[in-house]
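As C-alpha cells, here come the structures.
What follows is a pair of complexes built around chain A, which joins chain B in one and chain C in the other.
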Partner chain A sequence: MSVKKTTTIVEQLRRAQMSELLAMNKRLDGRGLKDYRELRIETGLIKKANGSALVSLGNTQVIAGIKVEVDEPFPDMPDKGLFICNAEVLPLASPYAEPGPPDEDAIELARVVDRGIRESEMIALDRLVLISGKKVYAVFADVSVLNTDGNLFDATSYAVVAALLTARVPRYDVQDEKLVKSEETIPLPINTIPVSITMAKIGNSIIVDPNAEEEACMDARITMATDEQGRVCAMQKGGSGTFSVDQLNEVASLAISLGSEVRERIRSSVASSTGGGANSIRSMTS
Partner chain B sequence: MSKRYVLPGDLIVEGNPHLKPLANVIRIGDRLHATRIGIVEISQNSVKVIPLSGIYVPRVGDLVIGKVIDYSAMAWEVDINSCFLGHLPAQDVFGKEFSPGRDDLTKRFNIGDVIACRILNFDRTRDPLLTVADKDLGKISEGEVVKISPTKVPRLIGKRGSMIQMIEQLTRCRIVVGQNGVLVVTGVNKDAVHVAVKAIRMVEEGAHTVNLTERVKEMLQGVQVGR
Partner chain C sequence: MSRLMSEEGIRIDGRRWNELRPVRIEVGVLKNADGSSYIEFGKNKIVVAVYGPKEVHPKHMALPDRSVLRCRYHMLPFSVEERKNPAPSRREIEISKITREALEPALILEDYPRTVIDVFIEVLQSDGGSRCAGITAASVALADAGINMRDLVAACAAGKVGGRIVLDINDEEDKMGEADMPVAYLPNLKQVSLLQLDGKLTADEYRECLNLAISGCMQVYSIQREALMRKYFATDKRGGDEGGGGEEE
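And then the complex of A and B:
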C-alpha cells in the first residue's frame, strides 16, 4: 500500500499506550491479541440482487451484492463461468475516502477478496457453463464499504462469501443451442467456504483483526484465506515491515484455527437468515 | 418541569416578545425555533436548547486539546475534533523572530503530538487560529487520551466544576478537559486512570439523566472501598 497523506494519524500518546499494552498482551479496545471484534452478518437485504449480505465487524461495515448474468466466457477458458469482484469505498465511509474511481487500496481490496474466493475454488466455475465456449453464467460481486474502522479485507470477504452462499440465480434451459429462461431459481454451485483472516504486526506482536487505529500503527499486515480442509489458498502481505519464518508459521496456524471458527459463524448466520434454506454445500440442485 | 425534546426547526414558543433566543434558538417573526436536536430550557426571559448531539464548533477563548496532523514552513495544522482544522502559526511558538529557514517546526511539535491550546480567533470564514502562548498550554507528553461527545462536556464539568472536581478528587487523577470533547487523564497509576475513564464514560452516557453526580460518586466510592 502506498503511503498516503490522508490516513489516520494516531496521537503519540495513544501509540505509546498501545505498545505498552501490547507488551502485556492487551489491546487498546480491551481485546486480546487473537480476538475478533463482534461479527454480524445479515443476508438477503437487497431484493433486486441475486444475493446480498451486510457485514459489520466492529465499526467496519460492508455491503455486498451478487448479480448473475449470462455472458460469453473468456476465450482461454471456454469451459468456465466468470467471477468478477469489485469494491468501492464510499465517500461517506471515512473522512479520508474521496469520490471518484476506486483508488489503489480499493483495487487491492477487491483483488485480495477475489483471490481468496477464486483460489479456494469456492464457486465451481466449471459448472456455470451453459453452452461450452459460448454461454456461461457470469457472477458479479459488487461491494460497497459503508464505514471504515480497519480490516476491510475480512469484512468484505465475509460479505461476498455470505452473499454468494445465499444467492439464487435463474435457471436456463438449453433448447436447440438457445437459452430459455425458466421461472425457477437455483443456488450457485459451492465447493467450500473460504475464510480470510487478516493479522497485523506491531513491534513484535501479532494481532488479529486490526482496527483503524492499529492499522495506522502497524509495521506490516498479512491476509490469509483458508478453505474448509484448512489449506491456505491465498495470501497477501502489505506494509514495509517483515515477518520472520516463525511468525509466518504462527500466522498461518492462526488463520486456520480462527478461520474454522469464523466459517461456522458464517454458516450459522447464513442458515438462520434464510430459514435453513441456504445453499447447501456441495449440492447443486438441477 | 418536564423535559421537552426538540428537533431542528421545531417551534418552541410563539407570540412572546420578551423571550430572548439564546444558544441553538433562532427567532423567525414572533416565533422561536430550535436549530439542533436537544432539550428546551425556558427561563424567565430567555430560551435555549441544550444539544444532545453534534460536533464541536470553535468559540474564541475555548481550551481545546488537538492533535498535530501536518505542518508547513509557517504553521502547524491541528485536528481539533471539529469540522474546522486548527491553524497554529509558527510565530506563536518561536516568537516574532521566527525564520522558516532557521527554525525547524518539528523540534517543537511533531505529527501525532497532542497539544493543549486556546482558540485565539475564529469567524467561520477562516480556520480557527490557535495559540499555545499561555500557562498550561502546549505539548502534553503523558496521559490517556479520551474522546467524548463535545455536547457532553458541560455536563462532565458540572455546575462550577462540581462533577470534574469530584472525579479528580476521588480517583486522584488530573483531567484536562478540552471544550472540543478531547480529554487527557493522568493519574497516580493505571488503575486510577482506568477508574477515572470509567466515570467519564458514565457521565457521557447518562448526561441527560437525573442524580448523575450521586451515581458517579457511588461508583467511585465503591471502587475505592474494593481496593
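And then the complex of A and C:
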C-alpha cells in the first residue's frame, strides 16, 4: 500500500516546463520523443555466477546475475525447468532508496520483467529437464539496481536477457537415475530474445525511455515486451493516468519497431563482450 | 487446444467467442462500510468495502492537495483449489497496485485534500479474471460511498484461446490458453486505465483483442449502472434495500 509522496508545487512547475518542450517535440535532456538513452551492456563480469550482465541506460545502472541449481520441478509441471526472477533497488541506488523488504514498485518491477521473459518463452524450459518429474535445472535471475534514473523496467530486462544469453551451466549425465556433474559447461537453451520497451505519457505526448525526472511528471507508463517475430508477449500499464485506444496502438507499433533495433544492440553487445558467446546464441536460436 | 474450443467455436463452458460469463452486482452489502458491493463474475465471488474519505494514518502520508487512494486486493485462503497462505503474496501486492492505478483516474481526489480513501477487495471464491471483477466491484462501491467521480471503471479481459480471440477468459482458459489481456476502461471518457498482457499476440491480434476487451467493458458498465440504479432509483420498493440506506435522501 505504498503511495509515493510528491512535492506538488515543484513538480507542477516542472511538468508545465516539460509540457511546453514536448509540444515542440523536445525533451529536457535534449532527446527526441522516440529516442532511448545510450545503452551499454557488459557481460560475464561476475565469475562466480553462471551468467552476469551490467547494463547502463543513461544514468540508470543495474547488475544481473544468473545462478543455476538442480531442483525438483513444480508438481503440476513435471517436464519443465524453473525460472525465477527477482529484482531489488539497493539502498545505495538513490538518496531516496531505503533498505527493507521489497515495496510494491520493486515487486512490480520483478514481475513485469519475469513476465516478458516467461511469456516470450525465451528459455526453452522443457529442455531443462534432467530426470522427468524429479530433477530439473532451476534458473535464478537476480537483479540489483545500482543507480536509479528512471526506466528500471527496460534496464533490468536487458540485464537479465544479456546474462541469460551468456550463461553457462554445468552439464549433468544421468547414470542409474542419479545425476553426475561433468566438467563441461553448456549454454542455456534459448528460443528468442525478448525486448522490453517502456514508454511514458506526459500530457498527450508519448515518450520512449523516460528518465527519473520525466517519470516524476508522467501521467501513465506502459511497458511492452516483443519477441523476434514482432509479436507482443507481455504488457503492463502503470501510473494513475490513462491511454486512449489510438495511443495504445501507437505504443504497440513503437514497441515492435524499437524492439527489433534494441534486439540487435543486445545481440552485438553480447557477442563483443564475451568470446564465443555469439556463436552459442546463434546456434541456439536458429 | 481443441479441448478449449470446439469445431463449432463453442468454448469449454459453453460460451461463444464474444460472450461474457453471467455477471451479477449488488450494492450496499456491508453495514459498517461507507460504500460496498458484491460481485459474481462467472465463478468469482468478491466483496468490496470502501472506507473514507477519512483522516490519514500515518499522518505523514497525507497529501496537501488531494486524497490518498489505498487499495488492497486479497484472496481468502479457501478461495482457490489449494489453500492460499493468508499473507499478501507478491501477486496480490502487484494487483493491489494496478487496481489503485486503474481506479484513480476516475476519482476526483482533489475534492478531499488531506484524507485517505481505503478500498478493500476480498476474493471469497476465485475464477479467471478476478482482478477485473474486483476493479468493477470496487468502482461500484466507490460510487456507493458517494466519492466524487468523473466516470465508473468497468473491467473485463479478452484473450486468445485455441487460436481464436475470445472475450472474458475463465480459469481454465487462463491456464491453458495462449494469451490473457485484462483491460479496465472509463466508458464515458473512452480511456484505458488498466492494460496487462500475458502471452503472445501478433500486432493485428493485439488490436482485435483490445477492442474486444473494451466491448466487454461496455457490457460490464451497463450491469454496473443497473446495480446502482436498483439501489438509488428504485421506485417500486421505497426504502426497501437493506444496507447503506443512509446514502438515500
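As a convention for this text, the second predicted complex is superposed on the first by the 266 of 286 C-alpha atoms of A that agree within 3 Å, B and C clash if a C-alpha of one lies under 4 Å from a C-alpha of the other, contacts with A are read in each partner's own complex, and residues count from 1 in each chain.
Here, a residue touches a chain if its C-beta (ideal position, glycine included) is under 8 Å from a C-beta of that chain, and two chains touch if they have at least 3 such contacts.
Since the structure is predicted, the reported quantities are computational estimates derived from the model, not experimental observations.
Shared-chain residue A:E88: touches no atom of chain B or chain C.
Looking at the superposition, the partner that touches the larger set of chain A residues, chain B or chain C, turns out to be C.
Of the two partner chains placed around the shared chain by superposition, chain B is the only one that A:L13 touches, whereas chain C remains out of contact. Of the two partner chains placed by superposition, only chain C is touched by A:S120; chain B is not. Once the two complexes are laid over each other on the shared chain, residue contacts for A:E213 go to neither chain B nor chain C.
Within the superposed three-chain model, A:C233 lies in touch with chain C and out of touch with chain B [touch as defined at top]. By the touch criterion defined above, A:S244 lies against chain C but remains apart from chain B after alignment on the C-alpha atoms of chain A. Common to the chain B and chain C contact sets on chain A are residues 5. Within the complex formed with chain A, the chain B residues making contact are 67, 69-70, 79, 110-114, 140-145, 184. Of all residues in chain A, those touching chain C in their complex are 1, 3, 5-6, 8, 104-105, 107-108, 110-111, 115, 119-120, 220, 222, 224, 227, 229-245, 248-249, 252-253, 256. Interface of chain C with chain A (complex): residues 60-61, 63-65, 68-72, 90-91, 93-94, 96-98, 100-101, 104-105, 181, 186, 189-203, 206-207, 210-211, 214. Contact residues of chain A toward chain B in the complex are 5, 9-15, 17.
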